[in-house]
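Have a look at these structures, which come just after this line.
One chain, chain A, links the two complexes that follow: it is found with chain B in the first and with chain C in the second.
Entry: the complex of A and B
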């Protein structure tokens, strides 16, 4: 009798009795990158919790977030992918360029979309080749161009003869912007100096000694995890002017600047969404999630840069799911319908205001030819006294004259390598 | 009772020198082979292949390779990760340069290239040993990772420095790339693991293996009785490199599909394989399998128990998993320094006397 009850309970728990929308969260709350992984994962999960609590899910179908710990490790990422894909996972957001590279062929073969928001393989922007991979609203090459444009604007449009160094994580992630920065160097006439930092980046004395010797005018950074904190601390130690030190969006969270204290004041980082918690959505978040005791993790990350980014990622996924429901006419969508929804996604200012995030991110629309949005980004600056980030520019577009040919070239190489015929039918 | 030599008569020399002298062991071995080749391929799914069997089989090859060098020949190596990278990158270069050639040729070739590289890094072993040799192989680890990161030719000048395995087949069956069936992945690894294990087993109980063990036990004494240390040490490095290279090639092409040298073949990998042979048992082929199984399956098992069944938070589960794995390693090293293989040996001795111990 008891056994029968148990079996029935197990079947009820395991079987898809109730329809639900599964959003796997390949998070990392452990390891050298945990300080960055935790706020993102919390934001991602909390937004879906909010939708469940307030709206009863998306289109009336409840959301189930499947969390799986990757530790930023590709092998564990593979295990997580395999263990969650059978549950009807709608979209993967691994928050790791290495895992994204693993998933690009696998997920394409399985027909599941991947959204690598501001990371992953940049040329996935070309949806004719990368049918299931999306990287809107901005990518690394956009980021490289945003940084250079910002430097151009600061110097009245002429930076020939200046020297720009790039401190980068010596991995696929860190190497991504090099090609773009080289092309931009040819166009604008600055001297480019790449400086690699090996995983995990706790030791950077020699790199910053090199910066002291070579005296670059600007330093850009492509770092992640503990590497960011160390680099900002080292820059403060050698009294490098912080307003000439610009990080990519992954090097611009509170965790990165707080350890350096007042020394980090004026440090700049790129971003493709707004910062802080001054948005109507946060009222709902407080009411339905935090006060109800349903916040993910320790619940202390609200309003941090990476929490906002996780929330933004979840918001884009939820909007794409709504779009997919609208297109297909069914509420319980499949990964293939989700993919179509992502490809038809259109983010407008009205939509964001309706969600409760006015002026939170750039407006963009996705199409088969363009899986990467319009390449809009902005620069944020850290105010150590007030302890907060604030945007110091409007959203501006990256140099498409440089980036579009690079995207076309790299995606064509991928298509040739893997035998894909680019098509947008 | 049933586990003993009595009544099992050898009538020929080959019978007398077979790997499993006890009938029960022999049958058990055949049963394992039948299950592995005849049953698992038909029931395996993507999860079991990618999360359990394929990594287990590949790590078993790497552990056999390192066991030959460290367990049988006594030369400590901390460069296994980088040597796997040599296999992976040679396999990648071969796959992209000769797309029409079968993977069954590319993978052993990658093994041969690795054997050459490892032999070069093994040359210092003729002069130094112990900790000093470990440091020399550690240098190999860092040098090779740096090399594969630095020189664009190795990764065909791709923008990110990642290598991705294109789709390749064996007799028309796709074995690499995203469209590979779970059973095909499993089978190619199983075929290589079986060949490697049989090869290693027979090498280690023949002349070559005996010279290795002589060098391991006391190199001066070995030299006096006529073992050539140059030949013994370098063959150990070369053959170990061959196996590790095959493991690296499979690891990249069949298991991961895309790899990045610092992340996939870093120093952690060297330590992981070293832990496998220490836990499994130095100088034992069975120990290589047991150690690989322990290190691959335990985290997956714990994760499924904590997160899948108990529904605990993933970070708590991940931290507990570190504590449990680490604790078990320490307990093993204290309670049974000779590893799982020794437990197995003791169990067999007990079985042989059962049910009438002294």
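Entry: the complex of A and C
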């Protein structure tokens, strides 16, 4: 009897506790990027809290969110991964391109899926090479194409002779769209002017003087943190028309536009989800999470761009977990089953309406060949007077004629250097 | 005049203005180093903390509200009033004086006669403490700072240069304000150090601690005074930089912009900080304009540190620093 008790205790201690569905949250609530990390982390955790409080978890199994502070630091992010993976982690949202790159080989070897939503390695879209990495519903190359599509739409489909500048963070992240924009430049005949900004981007006088002197018709921005606020202020200073200034989704939060005040009015940003809190789900969020005193933060971030993104990421993870339960026939799923659920994920408007998020995000489906979704994205515009973002376009389809060969080329290079045989069997 | 020459002139003028902003940060380092031999790693965080405090007071924010709400289950964030900028600046200066007193009382009083590297390490600890304390006290969201300084293109310069050259120069009104503030600040510091009793005492301590003590100058008082003045300079830098980007935790990184300025101008010279700032500002902007496009751009930080390195090799004490001669 004693031996049996000891054996059970040893098994319990040695193996992960399987009574919960574990979703780690690699957050950054401290450091220079905390202002962006906090709303995302709050949205991510609050959605799971809502499922626990309202539905009793997913498929009857309670959810446990394991939050680990990365400070937006790659080394700390990897430490967080190593320290939480043994807890039965189902999927990681690294929330940093640097951490994602580090986790690609590790998570693949450990059999744990990674969801880098709108960041990370773009060619991870090719699931035949990146078996455990997912980047639906859109990636940076989709974003570059969405911006150009928007400019095309504004100019009657002809932008030959137009000059488009890209103000970008001088890092791997900031350089991501350059190749795509070059290819699109060759296709549509616009002049492309890339302008790099040194990290962290507090001083951008040279770059904006260059823009003033070169007079581009449009400026795109791939920025992060303080670079965004300074760029928007400098654009306002040189009186660059804000409706011709389009940022990637990581340059499109309230944090980015509020410091410039009225000067930011009309600034545009790409997005792959809707904004504000005019959705039925938020009534439940208020009732079961905020009013119940169970919100991850102060409960004052609901509806902000980054809170919505964190909440959307959690919703997609929860739906993938449901799909995994459906496929495997068990409620207490493993990371491998979660991966299968993510690969079979299908987001329809009916499902979104059922969740309480009608017209919140694009419809898309995932497959082994396509871990990146359908590449849909829209454009939002900032109204400084009302203090809110609004979607001003439908969801655009990115130019897959340009992007697909780039994904194939980059993923093939990764497969060759990593000794991976692409497979979807 | 060819366009490229006009553009270069515009870049040079903007470089001068940027240099003033760098110099504002460097001044705080110089003041403390000159008086106590401490390289204050926390100077950038002091700029952040002072700017956070200023916005918090102006907006009537309840300090430590997140902590209070978490402990007592309350939901308070604001007092419901707004404080005029001038009053808030005076209150912030008072907070920075209190901070200086605490730093002296709690940290540096216990480290008298210790190795400079220990004092430097203490300021690293202070920087991390202050950053976390500021986060806890005022929250980590990005805050808009508006103390009434004009921002945006200066119309008069734009019009005048357009009439003269056919191309209107861009100069930011905020940069002009920063230049005027810097001129008054440096003039004030010079008057203070040359013509006031406390200023002379400060110079005496800077020259020789032991001799200053022997004539009855209180080292404690002088160090509190110099940290207070450095806190005030940090506030000025925080206002200028915070007005550009909003007050946020990246503000502490402006210290990185001051290091090459210090290496160039010398760690002990107020005029050196100004001249160093101007050289770095103009140099990095012109380099980015002329050479940047050939090498992919984003050369400013690289250029500033390489220029500083060159100066270190040929003139280790900087342009205006005191040459240290140690005889065996």
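Just so it is clear, the second predicted complex is superposed on the first by the 407 of 425 C-alpha atoms of A that agree within 3 Å, B and C clash if a C-alpha of one lies under 4 Å from a C-alpha of the other, contacts with A are read in each partner's own complex, and residues count from 1 in each chain.
Basically, a contact is a pair of C-beta atoms (placed from the backbone, for glycine too) under 8 Å apart; a residue touches a chain by one contact, two chains touch by 3 or more.
Given the structure is predicted, the values throughout are model-derived calculations rather than measurements.
**Q** Touching A:27 in the superposition: chain B (first), chain C (second), both, neither?
**A** It touches chain B, and chain C stays clear.
**Q** Output check: A:349 vs chain B and chain C. Expected answer is one of first, second, both, neither. What do you get?
**A** Neither chain B nor chain C is touched by A:349.
**Q** Should A:401 be classified as contacting the first partner (chain B), the second (chain C), both, or neither?
**A** neither
**Q** Please indicate which partner A:213 is in contact with in the superposed arrangement: first for chain B, second for chain C, both, or neither.
**A** It touches chain C, and chain B stays clear.
**Q** So, does A:158 touch the first partner chain B, the second partner chain C, both, or neither?
**A** Neither partner.
**Q** Should A:170 be classified as contacting the first partner (chain B), the second (chain C), both, or neither?
**A** both
**Q** Now for A:326: first (chain B), second (chain C), both, or neither, which partner does it touch?
**A** In the superposed model, A:326 contacts neither chain B nor chain C.
**Q** Between chain B and chain C, whom does A:78 touch in the aligned arrangement: first, second, both, or neither?
**A** Only chain B; A:78 stays clear of chain C.
**Q** Once the structures are superposed on A, label A:198 by its partner contacts, choosing first (chain B), second (chain C), both or neither.
**A** Both partners.
**Q** On chain A, which stretch or stretches are contacted by chain B in one complex as well as by chain C in the other?
**A** In the superposed arrangement, which is not itself an observed complex, chain A uses residues 29-30, 34, 38, 170, 196, 198-199 for both chain B and chain C.
**Q** Touching chain A in the complex: which residues of chain B?
**A** By the definition above, chain B touches chain A via 46-47, 50-51, 55, 96, 149, 158-162, 164, 166-167, 177-179, 255-260, 262-264, 266, 300, 303, 307, 313-315, 317-319, 322.
**Q** Using the touch definition up top, name the residues of chain A that touch chain C in the complex.
**A** Residues 29-32, 34-35, 38, 170, 194-200, 202-203, 205-207, 209-210, 212-213, 225-226, 229-230, 233, 236-239, 255, 258-259, 261, 263, 293, 298 of chain A touch chain C in their complex.
**Q** Mind pulling up the chain A residues that touch chain B in the complex?
**A** Residues 27, 29-30, 34, 38, 67-69, 71, 73-75, 78-79, 82-83, 85-86, 97-98, 101-102, 104-106, 108-110, 121-123, 170-173, 175-176, 178-179, 196, 198-199, 297, 410, 413, 417-419.
**Q** Under the touch definition given earlier, write down the residues of chain C that touch chain A in their complex.
**A** For this pair, the touching residues of chain C are 3, 7, 10-11, 14-15, 17-18, 21, 66, 69, 73, 77, 132, 135, 140-146, 151-153, 170, 172, 241, 244-246, 248-254, 257, 284-285, 288-289, 292, 296-302.
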